[in-house]
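Several structures are given next for inspection.
In the two complexes that follow, chain A is the common piece, with chain B as its partner first and chain C second.
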Partner chain A sequence: MKQYVLRRVALAVPTLVLVSVIVFSMMRLMPGDVVIRMVEGHAYAPTIDALRKELGLDRPAYLQYVEWVGGIVLRGDFGESYWTRQPILDEFVGRFPVTLELATLTILVSVVIGIAVGIVSAVRQDTVADYVGRVLAILALSVPYFGLAVLVVVLPSIYFRWTPVWTYVPFTTDPLANLKIMIVPALVFGVTRAGPIMRIMRSALLEVLRQDYIRTAWSKGLTERAIVLRHALKNAMVPVVSLIGLQMPLYIGGSVIIEAIFRLPGVGLFFFEALTRLDYPVVQSVNLIVATMVVALNLLIDLSYAFLDPRIRYR
Partner chain B sequence: MTRRIAMALSLVGLIALVSAPAALAQAPKRGGVLRIADREAPNLDPHLSVSFLTHSWANMVYSQLVRYPHGPEQKHPADFSIVPDLAEKWEHQSPTVLVFTLRKGVKFHNKPPVNGREVTAEDAKYSIERFMARSAFRARFEVVQSIDVLDRYTLRVTLKEPFAPFLNHLAASAYLAILPREVEEKFKDFNRPEAMIGSGPFMVKSYQKGVQIAFERNPDYYVKGLPYLDGVVIEITPDSAARLSLLRAGKVDMGHMWGYMVPEEARSVKKTNPEMVMTPVMTVASGILYFRTDQPPFNDVRVRRAVSLAIDRKSWNDSLHYGEGCVDAGPVPCALKEWKLEASKLEPAKAKYLVGYDPAEARKLLAEAGFPKGLTVPMYHWPGYAPPWRTYYDLAADNLAKIGVTVEFKPEEYGKYISTTYLGKFEKMAMGPQAPGNEIDDWLYSGFFPEQPHNRSHVGDAELNKLLAAQRRELDPAKRLAIVHDIQRHLADKAYYVYLPTSPQYITHAPQVRGFKHHDGFSLGHRLMFTWLAR
Partner chain C sequence: MRSSTRASATAKRYVAEEAPPSVAPAPARLVVVEVRALPRTRPWYTDVWVTMLRRKPLGTVGGLIVLGMLLAALLADSLTSYGFSETNLRERFIAASGDHWLGTDQLGRDVLTRILYGARISLYVGFGAVSLGSLLATALGIFSAYWGGRVDLLLQRAVDAWMAFPGLLILMSILSLLGPSVLNITLVLGLAFGIQNSRIVRGVALSIKEHTYIESARALGSGHARITVTHVLPNVLPTIIVVATTGLSTVILTEASLSFLGLGVPPPYPTWGGMLSLAGLDHMYRAPWLAVWPATALSLAVFGFNMLGDALRDLLDPRLRGG
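And now, the complex of A and B:
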C-alpha cells in the first residue's frame, strides 16, 4: 500500500510537468497579444515596448518558463496577475472556498438524487418508476446547466420580479445567508450532473444484484432493504465513485459559468476572466494548482476502492 | 366680484397645493445608498490601467485639475466644455505656457497615510509626471515639456508646441487623476482599496473582490452640499443576464453604471417594468467599415465609394434602431454636435458618398474600377460586440451583395481582433465599432494621420495631414472649428471609412433615481455627485 502511494506520487511529477509545459505553450499559441489587449486601442509603440519589458515578456519563452516553474518550486511563488498585479496564490486561496463549497454542494445534490433514483430504477427494473427515473436522467443529461442557470435567473425576474441572485456572503460570516445564496446554483448544477450518476448507479447495481453472493443473501432470507443497501450497494459504488472522480475537473470547469451567472467570487470566474484577458501567469498557475488537486483527488478515490470492495489489493 | 376673486384665489391655491408635491419632489434630497450592478475593474490604479471600469471607479474617488460639466451644469451629454475642478482658474500665458491656480483648502480623504492634508500644486506635478512615465495613455501628454510648481497653489505647464486638445485631455476622467505621493511610497502603487485616497466626491468604504465595492460620501468634499447620496454600492455582476434580472427584480437601481441599455432590450424591460425611467441618448461612438486603402482594390476611391453607396442607411436605421438612430454618422460622430458639419451642409455631389444610397451608381463605379462582375472581399470582425452587432455584419454583407460584392466573413477571437484588425493589421476590409475618445482630435488626427494606431484604413493624404496638424495647434476655438469643418469637407467624398448608422443608448434606471444625467466618458463620480434618491 505504502509503496503503491509512493509510486503514484512519483508518477504525478511527470504528469504535472507535462501539464505545465502544455498550458505554458498553449497560452502563447493563443491568438492575440496580452500587452496590446491591456492597452486596447491605445497601442503606441513606446507604450507597448515599455509594458512588455515591465511584464518580462521581452525575454525568450524558455526563460519565462524556467522563471515561472522555478518560482513555484523554489519559493512557492505562483507569480502575479498581469492585470491586477496581485499575487495569484493569495487570490486563489481567497476564492477557493467558494468553488469548493459550490462543488461540494453540487456533488451532494447530484449524488443524493443520482444514487436514490438509480437504486429505485435498478430495484424496480422495467416498472413505471424505472421508466420515469430513466427519462429524468436523460433529461438531466441533455439540458445544458448554463441554459438552465440563465432560465432560473431570468424567468422569475420577468414574471415575479424576484431573482435568486444576490450578494455573496462567506459561510464563516453567516452560514444561513451563505446557504440561501449557494443552494440555487448548487441545485441547478447538481441536477444536471445527477443524470450520469443515476445511469451508472442503475447499471452497476443491476449487475451486482445478479451475482451469486446476492442470491445467497436472498436464500438466507434477508430483507430486500438489507440486501440492496448493505450487501449490493457498497460493491456497486466502485464505478459511481470513479465517475465522480472523473467528473471532478468538470465541477471546476462548470463552475466558471455558474459563478458568473450567480455572482459567486470563485476560482472558476477568476480563471475565466484571466483566460479572456490572456493573463498568462494566472491561467498557467491556476491550471497547475487545479491539475495537482485533480491528481491528488484521483489518488484518494483509487485508495477508496479498497474500502468499498475489500477484494481490491494495491501492489 | 369679490366672490369671483375669492373663487379665483382658491383655485390658484388648489393648483398650488396639487403641484406642491411635484415641486418638492424636484428638490434634491440628501441621503440613501444607490445600488448598481456592473462588472469588476481589473485594477484600481488609475494610471496603470486603460480599462473604462477602472477609470469609472477612480472618478468616484479622485479629483482632476479641470473637469467637464455634469448634472445641472451640462448643456447635453456630450458637453465637453471645461469647468474648474482642483484648479479654480487657468490662463494661457503664451500659446505654450499654461498657468493653473489651485483652490485653497481642498483636502484629501481623511485616511492614513494622507490623513486629510491639503491638495497642493506638488500633488498635481507628481501626478502628471507619474502619468507621463507609466500610463499606457502617456502619448496624450507627450507634448508636455516641463511642469513647474511656482508656489503652493500655482502650477505652470510648458508645452513643446501649441496643443489645442490639452485641456480636454486633462478634463477626461480616463487620464489625470490627482494622487497623493505618500500613498505610492507606502503601498508601492494605488492598486488596492486602502490606497484609493483622493479628494473626489466619494471614498472607498469597503471592497470585497468579486462581490462588491462600496463607496461612501466624502464629508469634506470641497463642493459644499455635494454629493447628495450617502453612498454607492457596485454589486459586481459579470453576467449581463444576471445584471438585467437584478434590475428587473428591484435589487439594484441601475443595471449598468452609466445606465446603458440598447433599444431592443429597453423595449423588453419597459414591458415588464413600465416604471423604469429611460432616456435615449446618442453616445460618442460609431460603427465603420474600414479598408486597406494602401492596397488594391480599396486604394481605388471608386471601389470605396461603391461600398458606401451600397449601404441602405435609412432601412438599416428603421429596421434595427426603430428609426431613432443617426444615419449621418461620420467622420465626426453624431453626438459631437459642436464640431459636426452635417451632410446636408456639404456639397450634395460629395455628400452622397457619405450618406447616400444608390446601388445602380455603385455597380457602375465597380465596373469602371475593373470589377464589372463584382468582387469577393473578406470582412474581419469580432462577433462578440453587444447586440445588434451580429445583425450589423449580416446586414452589411447583404447590402454589399446587392452591388455584386460578396463578403467572406472572417470572425476573430477578441484578443486577436483587438491586437491585430482593430489596429489596422488585416487584409482588405474589416468592420466594427469605434469610440476613440471625446476630443475631436481623437476622431480626426488619430483616425486619419499616418502611423496612428487608430488610422485603421491606412490613410495617407498629404493635404489632409496639413489640416489635421493645423487643428491641433489652433487655440482659438472659432478658427479651430473652421479647420475641423474644412477637414469634413475634404473627407466627404473620399470614403476612407464607410460610416454605418449609429444606435442610441437608453439610459435606464429605477424611478427613485433622480438627477442622474448621462455624460459621455468615464466620469461616474461626477455624474453621481448630482444624483439623489427619492425614497
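And now, the complex of A and C:
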C-alpha cells in the first residue's frame, strides 16, 4: 500500500508541472496587454516601459516562469496582483471559506435530493412516484443553473417583493445570518446538480436490488426499510460517490457564476474580477491552485478505491 | 463489434487458405467469400432512427426539439420581420403583444426575433465546436492508442494536465485573453471538447487494436495508415457519434455560460446566454420576460440534445451507458 501511494503521488508531480507550464505560457503568448490599460487608463506609472520594468515583464519569459514557480515552491509566494499589489495567496485564503461553504452546501443539497429521489424512484420502479422523480431529474439536467439563478433573483422580487440578501456576512460573525444568505445560491446550484446523482442512484440501486443477497434478506423476513437502507444502499453508493468526485471541477467552475450572480465574495468572484481587469498573476495563480486541488482530490479518490479494494493496488 | 458486422454485411471477407507451415513459402492464395446481407435488413444508420421512433419516445421528442431548433435557425430570416439588432427606442420594455409576441428588450429589440437568431448562433457554435472537437478527439485518441508506448504515455500526461483544470475556469481565462468572438469561442470549445474526449476514443481504440482482425490485416501487409483508416476508424465511429451528440448539449450550455459572463459571443449577435446576461440583470427587474424566454429556450435545447443523445447512445453503443 505504501509503495502504491508513493507511486501515485510521484505521478501527480509531472502533471502539476505541465499544468503550471500550460497556465504560464497561455498568459504570456496571447494578445491583450494589461500594462497599456494600466498606464493610459489609470496612470499607474509615468510610462509603459517603466511599469513593464516594475512588474518584471521586461525580462525573458523563462526567467519569469522560473521566478513564479520558484517563489511558490521555495517561499509559498504566489505573486501579487498587478492592480492592488496584494499577495494573491492571502486574498485566496481569505476568500476560500466562502467558496468552500458554498460548495459544501451545494453538494449537501444535491446529494440529499438526488439520493432521496433516487431511492424512491428505484424502490417504487414504474409507479407514478418513479415517473415524477425521473421527469424531475430530466428537468434538473436541462435547466441551466445560471438561468435558474437569474430567475430566482429576478422573479420573486417582482411578484413577492422578496430579494436575496446582498450584503455578505461571514459565518464566524453571525452563523444564522450567513446561512440565510448562502442557502438560496446553494439550493439553486444544488437542485440543478441533483439530476445526475438521482439517475445514477436509481440505476445502481435497481441493480443491487436484483441480487441474490437481497432475495435472501427478503426471505429472512426483514422489512423493506431494513433491506433498502441497511443492505442495498451501501453497495449502491459506490458509483454515486465516484460521480460526486468526478463532478468536483463542475462545482468549482460553477461557483464562479453563482458567486457573480449572488455577489458572494468568494474565490470565484475574485477570479472573475481579476479576469475582467486582465490581472494575469491572479488568473494564473488561481488556476494553478485550483488545478492542484483537483489533482489532489483525484489522488485521494484513487487512493480510497485502493484502500477499499485491494485488487487495485497490485495492478 | 456490432457495427463491424453491420458494416461488412455486404462487404467481402478474405480468408487465407491454410498451408502446412513446413512447405516452402507458396504465394498465399486468397479465397473471397461474399457474405450476403439478409433480406429486409436496413443499413445501421437508418435502423437507428427506426428503432428510436419505436422504442425511445423521449429520444424522439428530443429529436423533434432539435429539428425545430434547426428550422428556427435556418428560417430565422423569413419567420420574423424584425432584424436581430434592430433597435427601436420608442418601443422599449414592451410586454408580449400582437406586434412583439415575446415583448421587447431595453433597446426595443424584438425578443422572439433574438431567440430565433440565438438558435442560429447556438447551433453554429455547438456544431462547429463539436465537429472540430470530434475530429481532434478521433485523431488524437486513435493516434495515441495505436502508437502506444512512450508517445501514448506523454500524450496522456498532457491530457491529464488539461483535465486538471476545472473546465469553465480555463475556458474563461483563454477567452478573456483572446477576446470575445464567434470564431474564438468555437475554436476554444472545440479544442477543449477534443482533448477531453480523446480519452474515450483512445479507450475504445485500445480495445479494437487487440482484435485478431487487426492482426490479420497486418499479416496481409496493410500499412499503419490503412489499418487505422479502414479497420480502426469505422469501429470507433459509433462511439464518436455518441460522444458528439451527447456533447452537443454540454457545448451549447458552456457557450451560454461564457456568453452570460460576457466572454463568449459579443453583442450585437443574439445568444441565449448573452440575453440572460449578468450585465443586463438590472433590466430584468423591469421586464422579467427578458430572463424567462432565453432561459426557456436554452433549457428546451439542452433537454432536446440530452434526450436525443441518450437515446442514440443506448442504441449505438451500449458500452458507454452510465458513462
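In the analysis below, the second predicted complex is superposed on the first by the 288 of 315 C-alpha atoms of A that agree within 3 Å, B and C clash if a C-alpha of one lies under 4 Å from a C-alpha of the other, contacts with A are read in each partner's own complex, and residues count from 1 in each chain.
One rule holds for everything that comes next: a contact is a pair of C-beta atoms (placed from the backbone, for glycine too) under 8 Å apart; a residue touches a chain by one contact, two chains touch by 3 or more.
This structure is a prediction, so every number in the text was calculated from the model and none was measured.
In the superposed pair of complexes, A:Ile158 makes contact with chain B and with chain C alike. When the two structures are aligned on the shared chain, A:Ala260 is found in touch with chain B and with chain C.
Within the superposed three-chain model, A:Val19 lies in touch with chain C and out of touch with chain B [touch as defined at top].
In the superposition on chain A, contact of A:Pro97 is made with neither chain B nor chain C. In the superposed model, A:Glu273 lies in contact with chain B only, and not with chain C. In the superposition on chain A, A:Met27 makes contact with chain C only, while chain B stays out of contact range. Contacts of A:Asn287 after superposition on the shared chain: chain C is touched, whereas chain B is not. Once the two complexes are overlaid on the shared chain, A:Leu51 sits against chain B while remaining clear of chain C.
Contacts of A:Pro249 after superposition on the shared chain: chain C is touched, whereas chain B is not. Residue overlap on chain A between its contacts with chain B in one complex and with chain C in the other: 30-32, 150, 153-154, 157-158, 260-261, 276, 278. By the touch rule above, chain A contacts chain C in their complex via residues 14-16, 18-19, 22-23, 26-27, 30-32, 138-139, 141-144, 146-148, 150-151, 153-155, 157-158, 200, 203, 239, 249-250, 252-254, 256-257, 260-261, 271-272, 275-276, 278, 283, 286-287, 290-292, 294-295, 298. Across the complex, chain A is touched by residues 58, 157-158, 160-162, 164-170, 172-174, 176-179, 253, 256-257, 260-261, 263, 273, 276, 278, 281, 284-285, 288, 291-292, 294-295, 298-300, 302-303, 306-307, 322 of chain C.
Put simply, chain B touches chain A in their complex at residues 42-43, 45, 48-50, 136-139, 189, 191, 208-212, 235-239, 241-242, 244-246, 248-251, 272-273, 412-420, 422-423, 434, 436, 453-454. The touching residues of chain A, counted against chain B in their complex, run 30-34, 36-44, 46-47, 51, 83-86, 91, 94-95, 150, 153-154, 156-158, 161-163, 165-168, 260-266, 269-270, 273, 276-278.
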